[in-house]
Every structure is written in structure tokens, then in C-alpha cells.
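Before anything else, here is the set of structures, which you'll find just below.
The same chain A turns up in both complexes below, where it pairs with chain B and then with chain C.
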Partner chain A sequence: MAVVTQREFVAEEAALGARELMEYCYERGWTDGLPVVPPTIDRVKAMVAADRRPAETVIAQHPATGLDLSLHAAAVNAVMAGCLPDYFPVLVAAFEAMNRPEFNFHGSTASTGGSAPLLVVSGPLTDEIGMNADVNLFGPGNRANATIGRATRLILRNVFQMLPGISDKSTQGNPGKYSFCIAERSRGNPWPLLCEAQGYPKGTSSVTAYAGGGFCNVENHGGNTPEQVLASVADAMANYGCITLGQSVVILAPEHMKIIGDAGWTRERAQDFLFSQAKRSVEGMTDVGKYRDREYDTQHGDGAHALAEQGFIHRGLTPQDILITMGGGDAGGHSCFIPSWSRGRGSIMQHAAIKRS
Partner chain B sequence: MADGTIFERKGIQTAAIVTHTFTRPGDAMARVQGFSDYQYVLMTHPISSLDAQQVRERAEQALPQVLSILGLR
Partner chain C sequence: MQLYSPMSTTPKRKSVRAPVLSSIDGLRIGVLENGKLNAEEMLNEFASLFVQRHGCTVRTLAHKSNASAPAPSATLVKVAQEVDFLITGLGD
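Moving on, here comes the complex of A and B:
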């Protein structure tokens, strides 16, 4: 038997301790299936200190159960997700946004629809904390993106008790339920950043929370006009499986955005185009069993948008229901459309300023 | 289920309707709201794909349970 040195023994004991702590978290049902960082007191204190308010400050309340999310509880889950304290203000702002009744975060997390809160972080903070707005945007590899999104899920699970099969009845869920957080790309973006368009003062970053129902890749390498590129996006938005009165998130690839931006199109023009094109006829909707009078009346009744065409169901109620911005790597004609959870039961994306400590 | 228990707290007798696949979340929600033995109407799942006539039949099937929970039969 080999002789174990003192240093090796200490290292092994430390490793075993970490493993036991990790297993303890599994036994308590605190994980998303992946190992978590043990939320030791010093780590949690460091996380809470990233917000100047007292640890017991309530930042969100579950509308159906009345369960509270305190800064302390948020910090515990941020630690477990692997967040650094610098990321904490993003997580806090995300829950402040989701706490508004219009977001309906009980419904959107409990429903069979299986949506996940997509967080789109916009502004200078994204670079400061090292978020990824570039290549492999929705994929793994960036600590801030991965752990802020993961902490969101752990809070829903551990604080608000949205437990699969019990209070979370997602039929299939979606991969974003592990983590669904991106940064908006500012480099080469011809349009005002979301935080600017949302009206925040210069230098203020924001997070937009959206109940996202999955991910639809929009491939178009041949189109070289705004109409061609956006027509393929609109088709994805209006496919029979996705079309509802719900909102939309569209993240344009830089290649696609260059075509649109170079042609002088504004965000508003692109929104108008997508809204007018993302539609299905009443006959077609009836054929697949998805037509409902009340939805048609909602879209075409009093206050209907001028672009809502008679005889058609459009995606969303107005062009402003479509969030569009840019993200991803320089190469590739791959944009994406992310459908929403139910408009019928009320789920409207919300944004909040990220307050630096 | 949450709505049903909220009505009950306000003194309004309520018959919540739950389809059988939602009994676990329904029971959990009732427990969280402080109604651990909450009685509700159990209905076959699904409902959303039924036509108007089928919905009427389901309602007629559920009626005795509704009346019983409301203490009317």
C-alpha cells in the first residue's frame, strides 16, 4: 500500500467533505439534477453583500402560495447555482420583474406549457460581469449566463416549491428550465439596446424576463433582403404548433441583422413586418382545431391593431408584442424565435433596472 | 384550487374542479393554503379538446359531486 502523505490526506478529506455536502444537497432535494455548490455561511454572506438591503428584504412573493423570496434565500440559491456575487444584482432584478402580476410567474411555471423564464440582460453590465452575447449564445460555457439562469430555476424550485410532478406540471418542459439567460449583443447592433428602448437612463442596464416556451432555430443562408430574412422568421412564429396570441422573442443573428440594418430598417419597421406576416388564416386554424372565436374577437375587436388582417389570426396583438434584438456569433444565418407561454392566462414580459451595489 | 380555497376563506362555498392528472398539485396547493382535507370535484382528463356537447356531458356527470360538496344534496 502506498504511503499517503499529510498533504494528500488533507486534500482527500477536503474533497470528501465537499462530496458529502453535495450529496446532502441531493438528499434534501435542493438540486436541478446537477451537483450544486454547498451554500456555506461565508459564501451566502458574500452574495447577500452584493445588495445593500437587509438580508430579510422580500423581493418577490409567490402569488398562489404566498411564499416569500428574501434576499437571503435568493443568495443561498445563487451560491448553489455557482454565481459570483457580481451576478447577484441581475438575479434580484429578474425576480423584481417577475414579481409583477402581469408576468404571472405561478401560472407560467406550474403549467403544462413547460415554459422557462428567459432572461435577456442588456447594457454595460453585461460586459462588466463577463456575460456572453456572442458565439454559442444559448449554449454552455459562460459562467454568468449559465449560473444566473440556473439560480432562477433553483429559486423557483427551492423557495417557491415549483416541484416537477407536484406543482410544476410541464408536459415536456424545455431545456431552458435548466438555465435560460443571455446577454444582448451591443457590438455591431444597429438598433438602440433594449435598456435604452425601455427608457432607462444612460449607463443603466436592465433585465427582461419572458416566459419562454422553447427554442426554434430560423435558418436562412440564402436570403439577402430584410423581407426574405424576416419572412423566414415570421413563418417560424406562425407555424401551427406555435401560433397563439402570445408575445414573441426574436434574437437575430449578426449576419441577418447586418442585412436588415444595412437596408436602414428600424426595430419598429421589423416589428411591423413580423406582425403583419406572422399569421394563419381562420380556415387553416379551423382545420387544425386551434381556431377560437374569442381569440379572433380579441385580436379584431375594439382597439384592434391596424395591421391585424380580417380573416387571419396573427401572432400577438400588436407589433410591440415582438421583442427583437441581436445576439450570437459573427458567422451563420441562424436566428431564433422563442414562443411564449399562454397569453390567454396572462403572461406579459417584464423588465427591471439592474441596481448596482 | 388556489382560487377555490381563497373563496372558502372569504366564506363563499366553492366546488373546485380538478382533472385526475392534477390531483397531486391540487392536493399540494390545498395543503399550502391550509385546507389539507379539501374536497373537490374530480373529472376525467383532458377537457380542452372536448366539443361543446362533450363538455355538457362532463358537466352533467360532475353535477352530483358539485351539489354534494356545496351541501345541496
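Moving on, here comes the complex of A and C:
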């Protein structure tokens, strides 16, 4: 194979077939284990053109190594993941959100906790680029969901060098580390969309990034009141394996949301309910070896939320630590709870506006 | 056909190892505790071995509020002025 470095960003020159190009990317360690689309110059230029700023614009920086993520590098990885240029603004906004120090994307990626950045895309752009907010929400089959999430992982790997076993020390990881991206369902959603609740101007879409530590299905086909449905969710949030002071994402199935919405419950009321119910006693936490004075004091000390009950450890610090929205197919009482990577004092849930050119 | 590299174009930060100590006898120890469960206990126990075996003294116990974020520069600068070597670790 003839290999010639020609210019700053050009890695190699070679006359290769599709299969050989794919294998070449494997050999260089540029993939997540699955084949990638070769990042040819034309493809990358088309991707970069989806953002009006210069290609060398830095949109994120690794806090420990100082490695920069430029629009150009993001575009290369987006191409490799299989993204269309229309998807690129979502990816850019996701890294702008994750670049906030509070998100600590180095820690959440390097940690034994094994979290993956979950992206929740909200607003009109989701329909425009064909994202899936409906049946099989977290499953395969939708190009935008799959490739935006995959590009996020490829950037963490290739640009920021978060390499499994070296700088990514996840004990077990989770399947979301291949791709973890969904759209918020607007159809039939009784609550303001996340992008509206986050305060963005009408018509502006947003992406929320969250260091998700896995996926917990919450099945309830018998509950017919908000309290019954949400008690199931709260129990999942407070299971001994998951409960920490960390944040939460809850995606309610349309069946469950209809019960809650028809009863007139707002998002805020549901958040309060979940926060007050997702808890374990100090004795129970002690029995399983997870009780820590420091965490109890953090939750019950100065500035404690009024719903934090003495003698209990709640999940999160406030009801606002729980993101709730709707997604999935019409049929089935299957919601989900996404636990967070454990947190320090920052917030591992950040959002940003998606800027379209 | 030309391919772009998917890696960052930023040069990696240059880091230099501190010179190796010729002896640790009688030196001043700093302990950087990262807030993990049992970290302080483990690190203090570790430091006590240096005290017993090499006549070291523990001068500073510094804390990090976030185990997974780099230690603040101000913390490192302060500790570096007070000690000859620093012990840190995860402690989970």
C-alpha cells in the first residue's frame, strides 16, 4: 500500500477499493469495532459546509489532555459514522453542551462507571432530519439516531483518545457506548417540549447531553393512575444498584404519559413525585454497604430541598435533577429510567441550541 | 483516494516526569485525597508506612471535590511548595 502524507489533515493517499479502505480504517484503530465510511475529502467538505464557521473552529477541548475538537475533526468522524450533513448541527451542539466543565466528559468517559453520552434531541429539527421518536425508540433502524450517536462515540475515541482499556476504564461499559441518541416525541405529548422548557426561542431545537449509565425498562400494564405508574418508575430509580445522588432521565411511554397527562399532571408535579418517592432509608443503605455520611449531609444540609426526607437518601438533589419526557411507540406500558454516571458537584445533564446554517 | 485523519490536530501537551528522588528518608509527604469512599483512610495508612520505615513526615492533606476532574492548579502549586513528594490514589 502506497502511503503518502500530503497535507495537514490528509492522512494517506492510496488507490484502494471499498473493502480495503474499510480495513485500512480498522488497522489505524479508527473504528468502534464496526465498519466505518471512509472519510474522503469530498464527503468531509460536504459535512463541514453544514456549519457556517471556519473548519478550524474549536468546539470542545479535552480538560485533561488539551486535545481540541475542531469542526473539521467532528466532520471527519461524522462521515465515518454514516451521518448526513443535515445531522451535523446536532452533533456540534451536543459537543458544545458536553464541553461545559460541569459535564466533565473526561470523567464520565474514563470512569469505571461505564456511562455513555445519551443525546435527547428536541424540537422541529427532529422531524426535518427524520429522527425516530416513536416505536423502538432506543433500538436500531433509524439512520439519524444511530449515526449521530455513533459519531459522538467516534469523536470521543478518535479525537479525544478515550480508548477502551487505556483511557476509558469502564468496568463493563454499556451498549449505549456504540450509539445512544433519541428524539423527543412531540406527537401526543401533553407537556412543553424540552427545547421550550429549556427556554429556547420558538422554533429552535435543542440537544440535551446526559452521561447515561445504562437502561432500565419500567413495565407497568396494570397501573391506571399517575401515582401507580410513577411509583413503578420511582422504584426503578431507587433500586439499590442504581441509587446515588446522581441525576435521572425518564422517558415515559405514550401509554403511561396519557395516564399522567389526562390526570392533569405537569412535568413539575411528576418531578416532585418521583423525587419524593425515589428513596431508600439510611438503614437500608447501610445494610447494603452504600450509606455515606458525606452524601447524606450533601442532600440534607444547607440548601436541602424541602422534599428531602430525614432518614432517607433520595435519588438526586432536587426534583429538577430528573429529566422527564415522552418517547416510544403507541402500544405498551414500557417506560424507561436511565441512571446517571455518579456525580461530583457538577451537572452531567447539559443542553445547547442546535444552530442551523 | 485521500482520506482525512479523524484525530485531533492539536499537539498533545508536553509532560515531563519529576526527577527521581535519590532518597526518601526524612522527606515531607503530601497526601491528595480525591473524595472517594475510603480514599483518605487508605492514603493515610499508606503514608504512615513511609513515616515508620523512612522517618518521613506528613505535612499536607489536600482534598479534591471531584474525583474525576484534574486537581485544581492552585492546589498543586500550594502542595508542591510544602512537600517533597505527593501520594494520591483512587481509594474505591
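Quick note on the criterion: the second predicted complex is superposed on the first by the 338 of 357 C-alpha atoms of A that agree within 3 Å, B and C clash if a C-alpha of one lies under 4 Å from a C-alpha of the other, contacts with A are read in each partner's own complex, and residues count from 1 in each chain.
In this section, contacts are C-beta pairs under 8 Å (C-beta built on N, C-alpha and C of every residue); 3 or more make two chains touch, one makes a residue touch a chain.
Treat the numbers as computed from the prediction; the structure is a model and nothing was measured.
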Between chain B and chain C, the one with more contact residues on chain A is chain C
Which partner does A:D297 contact after superposing on A: first (chain B), second (chain C), both, neither? neither
- In the superposed arrangement, which partner chain does A:V159 touch: chain B (first), chain C (second), both, or neither? second
So, A:E128: does it touch chain B (first), chain C (second), both, or neither?
neither
* Which holds for A:D262: it touches chain B only (first), chain C only (second), both, or neither? -> neither
* To do: Check whether A:V44 is in contact with chain B, with chain C, with both or with neither, and answer first, second, both or neither.
  => second
- request: Pick one for A:A110: touches chain B only (first), chain C only (second), both, or neither.
  value: both
**Asked** Just chain B (first), just chain C (second), both, or neither: which does A:K169 touch?
**Response** first
The intersection of the chain A residues contacting chain B with those contacting chain C is 64-65, 67, 106, 110, 161
Residue positions on chain B within touch of chain A in the complex are 2, 21-22, 24-25, 28-29, 32-33, 49
So, in the complex, the side of chain A touching chain B is made of residues 64-65, 67, 106, 110, 161, 165-167, 169, 289
In the complex, chain C touches chain A at residues 1-10, 12-13, 35, 37, 65-70, 92
Per the touch rule, the chain A residues reaching chain C in their complex are 6, 8-16, 21, 24-25, 30, 38-41, 44, 63-70, 72-73, 76-77, 80, 101, 104, 106-108, 110-112, 154, 158-161, 292, 294, 344-346
